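To start, I am sharing the structure in question, which I have written as structure tokens.
Naming follows writing order (A, B, C and D), and every chain is counted from residue 1.
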Amino acid sequence: MYNETQLQQFVEQAKPYAKYGKVADYIPALRKADPNDLSIAIYAPDGTVVCAGDTQEKATLQSISKIIALAFVLMNRGEEEVFKKVGMEPTGDPFNSIAKLEEKQPPKPLNPMINAGALAVTHMIDGADVDERFHRLLTFVHRLTGDSAITYSKEVAQSEFETAFLNRSLCYFLKQHGIIDEDVEPLMDLYTKQCAIEMNCIDLARIGLVFAMDGFDPIQNDPIMPPHIARICKTFMVTCGMYNASGEFAIKIGIPAKSGVSGGILAAVPGRFGIGIFGPSLDEKGNSITGMKLLELLSKTYSLSIF
Amino acid sequence: MYNETQLQQFVEQAKPYAKYGKVADYIPALRKADPNDLSIAIYAPDGTVVCAGDTQEKATLQSISKIIALAFVLMNRGEEEVFKKVGMEPTGDPFNSIAKLEEKQPPKPLNPMINAGALAVTHMIDGADVDERFHRLLTFVHRLTGDSAITYSKEVAQSEFETAFLNRSLCYFLKQHGIIDEDVEPLMDLYTKQCAIEMNCIDLARIGLVFAMDGFDPIQNDPIMPPHIARICKTFMVTCGMYNASGEFAIKIGIPAKSGVSGGILAAVPGRFGIGIFGPSLDEKGNSITGMKLLELLSKTYSLSIF
Amino acid sequence: MYNETQLQQFVEQAKPYAKYGKVADYIPALRKADPNDLSIAIYAPDGTVVCAGDTQEKATLQSISKIIALAFVLMNRGEEEVFKKVGMEPTGDPFNSIAKLEEKQPPKPLNPMINAGALAVTHMIDGADVDERFHRLLTFVHRLTGDSAITYSKEVAQSEFETAFLNRSLCYFLKQHGIIDEDVEPLMDLYTKQCAIEMNCIDLARIGLVFAMDGFDPIQNDPIMPPHIARICKTFMVTCGMYNASGEFAIKIGIPAKSGVSGGILAAVPGRFGIGIFGPSLDEKGNSITGMKLLELLSKTYSLSIF
Amino acid sequence: MYNETQLQQFVEQAKPYAKYGKVADYIPALRKADPNDLSIAIYAPDGTVVCAGDTQEKATLQSISKIIALAFVLMNRGEEEVFKKVGMEPTGDPFNSIAKLEEKQPPKPLNPMINAGALAVTHMIDGADVDERFHRLLTFVHRLTGDSAITYSKEVAQSEFETAFLNRSLCYFLKQHGIIDEDVEPLMDLYTKQCAIEMNCIDLARIGLVFAMDGFDPIQNDPIMPPHIARICKTFMVTCGMYNASGEFAIKIGIPAKSGVSGGILAAVPGRFGIGIFGPSLDEKGNSITGMKLLELLSKTYSLSIF
């Protein structure tokens, strides 16, 4: 269907859009990214990987980690327990909004893709201490990618840890209302490490493939997660994976996807393949502007929309 | 796959849930509905219709009409013009909320499924006067259902027209901000007639079938709407078709659907069939409680989720 | 204490601030005002009136009428009934905000100085029809000013009536929730006439004097309103008389006052005198920018703050 | 005018209202208070003190400390600097609300009496460390009361420090937006100590007297604070001293006052006397229910309203 030449052409078509966005600046360590970088990998069930751009470039997951942590926690704790602490509804608010927590009774985060909800999810990662909890999550990432060398960027984690005042504000609000009952600093430590897990777009595409195949890894023949959990995750990708541009993305592109402010996008075309993209120039809602363009070209050309 | 016996069993399983809800009471004429009614029809592309319950029972469309009016207006005005007046993002607020209109700059309704957005859509139905505009919409409904006898309930339309103060409040707010530039009373007349269009669950299922088949009516071999418009509509059904329970519905059931406070649900299983349901007992968010149960049974039994 | 020369000097000092504001533009008929106009009158209990500027210039009351209607309705209906429909709390929101009505349960307007509350107050003016109700209110204004020639500007009333979409939105919201139970159009007719009552700054100062003297008119020796009602009105002037700049005004100037978007300010220095000002150049919150400056000069020079 | 017998009668009249409220329960150490306690002191400029109830009963200041810290910071930093970080407008929201911080641009707390604003004020207390900063504030309290034995309750401070998650949430939100630029934990330490300063109602009345006399302490002949700062504080007491019941309190009672969830009320009758009350049974907005009743009786009997 698609080949490297075609993909390379799409990358060239998407790259000029980088100038309409800018790299994330609220996390100091992310400011160094080159807005013109753009890499993509498409991972098929038969193991074929088609790439374009500098696929060895690594970037941190940031909000993409929310969907991985959600899958992990759903596997460990079960739906019932998880959805006691976090809702299932999309929201028209920015990802870091706190206002709606105050409005709703009880103040349960509306969904696990906004920061408040993601913090509640990370809170549910079990383990004796931050190290063990992070190790368990990282091991899950190793299994998803088949790459046990993946780790996190200490610099980015540290940078976020030092400046994540708004996330601390959300945590204390959740703690006030009993959604979170651990100390905030260890949770912030765990959360910023989770966000700082670093990989290239091929790894990302492979995680997308696992979601695309309903939780089954066809490369290692490994049923990593139960199909219903993979499906829950894909649903959240559609309804709230692209921040408060998710509705427009669903209409225009229609592929389950999750983005992060590092410029990464993890996408899963159900039954077909996984896609990983890194393009650090962001639009004002926090999504990779070149990454979205690339996905639009792919979706329109190959009819990838699930709708 | 499914047959009448099976469907009848599902209806029997769903019916007892009626007691956990109640019929809509904010529109006087809807209060007469029997909460224990429950009918369903499944319409396949080959013309087969499988039914259960009293399928001759008619009910008004209410909010289901929003998705039909949207398709019609998209066909007439084009995406660009329509999405200037109404957004694409789901919202965690109730369907009749006005607060977010005030927060957002400009005050564009977040999506066409909340009342504010639906009023902006109906505003865009062209015609010399209310009669002509309504006639054009009704003709579209006739084409979608293949049944030119369908009309609206004068009693329900009148009842809503007399009591729709909140919708008038939304209209004047939109008028203040230039989203609507016609007089409010004729628009309310048109909107309440649109909501009062009356049909049985078989008609509803047939409309669902057209959406399921990407806008093509396989019964009359009629390309009623362009595929991309059918897809836009299905996307809105997923992200905001079930009021502020859409996220949960997408996760648990995963079928594009639109509900109304009459207890109706229009559902479209892409590429497979359309579903029409009437069950007037509503949960607190305004969705048919027995209808949702029925869809859950169908979705789980026959793996109908798009995710 | 103060004399015309001093007052004239203050006017000259305040006038240059007109350039930092602009005349109200949301009501077409108000756009014609000259932003450089500025007139003031101070009315003492012994009948002395000290003036500066063109005191024959008339302007409409706009929101100043809210405090007069409140006094009138409190006299007619009593505190208990009035405060069932409208609250007593200041709000940090703009005067025309609707969001908080939705948040609060029940949706009672927070105070009678925001538009929603003022509409609820005007709704409580008794009479067989709009003409009789308006006549009763106007007669009260005649008594307050001792000038039975005062009437309303048909042009301004008409202009507001035609464009008051946001006020209609508020009315229908209140009607939905039972705060208002009359038809909206007659209420809008009455309200826009009330806002369009026209007088000069000397009349305005005399009304201020009546409030300053706890409801007693020392000129005609007429106990126009009971002291506790005059005091309630002065309290609202302090806590919410200057839109969402009331807090700052209380701190910096400390005189009970009510402003309108025509550029008028009615002020009452308890036990001492009434002040009327017209200066149509408004700041972004809707208060006369030169009028506020004048009051600041007066308050600081003569220690008029009640605090 | 008033005497001990009269005051004792008022206390007897007010006491039965205790049963309609309850003691603060969100700070564990406050739960021990006896809801039926009620003490009052009135402090006149000539040094006369009239009391009723058990005036040796001590209680913590809680939110009453906000007005003292405000006066102190205004004296140290000046109006201009203080009002860069905190606004002057009352708000209809509860004292611990965070939603409006998010709505407003920039996210400056609306006034220094809500928690967000009070935290910004305490942040501005200068000193090398928490100990020095607290010592400076406590010394100011000693000067205001003439009692250098006053200190804080370690138990209450500790209890609040351990449970003040919502205040930490507010602090981090303010820190994110640059309103606060110190570490949150030391600020919480300082703030919870400030709230835990403990005194009896006679001390409280004496502080009220200083505000009543425009910042001058007639007992020690000491000009403690400049008149304009005392006046600013009294204005805030009127517009936002009684949480989101301030508007109603101003109308019904009309005395500048500040309450705390310990059940304390500090009141200042301008030019006449100070009042201190402790009555721990609170209404749902956090004001002493018996204290408000007492003030209502006093205000009505002796015409103490400033309006």
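Heads up, the rule we're going with is that a residue touches a chain if its C-beta (ideal position, glycine included) is under 8 Å from a C-beta of that chain, and two chains touch if they have at least 3 such contacts.
These numbers were taken from a predicted model, which means no experiment stands behind them.
Would you mind naming the chains that touch subunit A and likewise touch subunit B?
Expected: no chain.
With chain centres defined as C-alpha means, what is the inter-centre distance between subunit A and subunit D in Å?
47
How big is the gap, in whole Å, between where the Cα atoms of subunit C centre and where those of subunit D centre?
Centre-to-centre distance between subunit C and subunit D: 33 Å.
Find the geometric centre of each of subunit B and subunit D from their Cα atoms only, then give the gap between the two centres in Å, rounded to an integer.
Whole-Å distance between the two chain centres: 55.
Show the residues in subunit B shared as contacts by 2 or more other chains, in ascending order.
Correct list: 103.
Any two chains that touch count here, so list every such pair.
Listed in label order, the chain pairs in contact are A-B, A-D, B-C, C-D.
Under the definition above, what is the set of subunit C residues touching subunit B in their complex?
97-99, 102-103, 165-166, 168-173, 175-176, 184
So in the complex, which bits of subunit D are touching subunit C?
Per the touch definition, subunit D meets subunit C at residues 87-93, 100, 110-111, 231-232, 234-236, 238-240, 244-248, 250-251, 254, 256, 270, 305-307.
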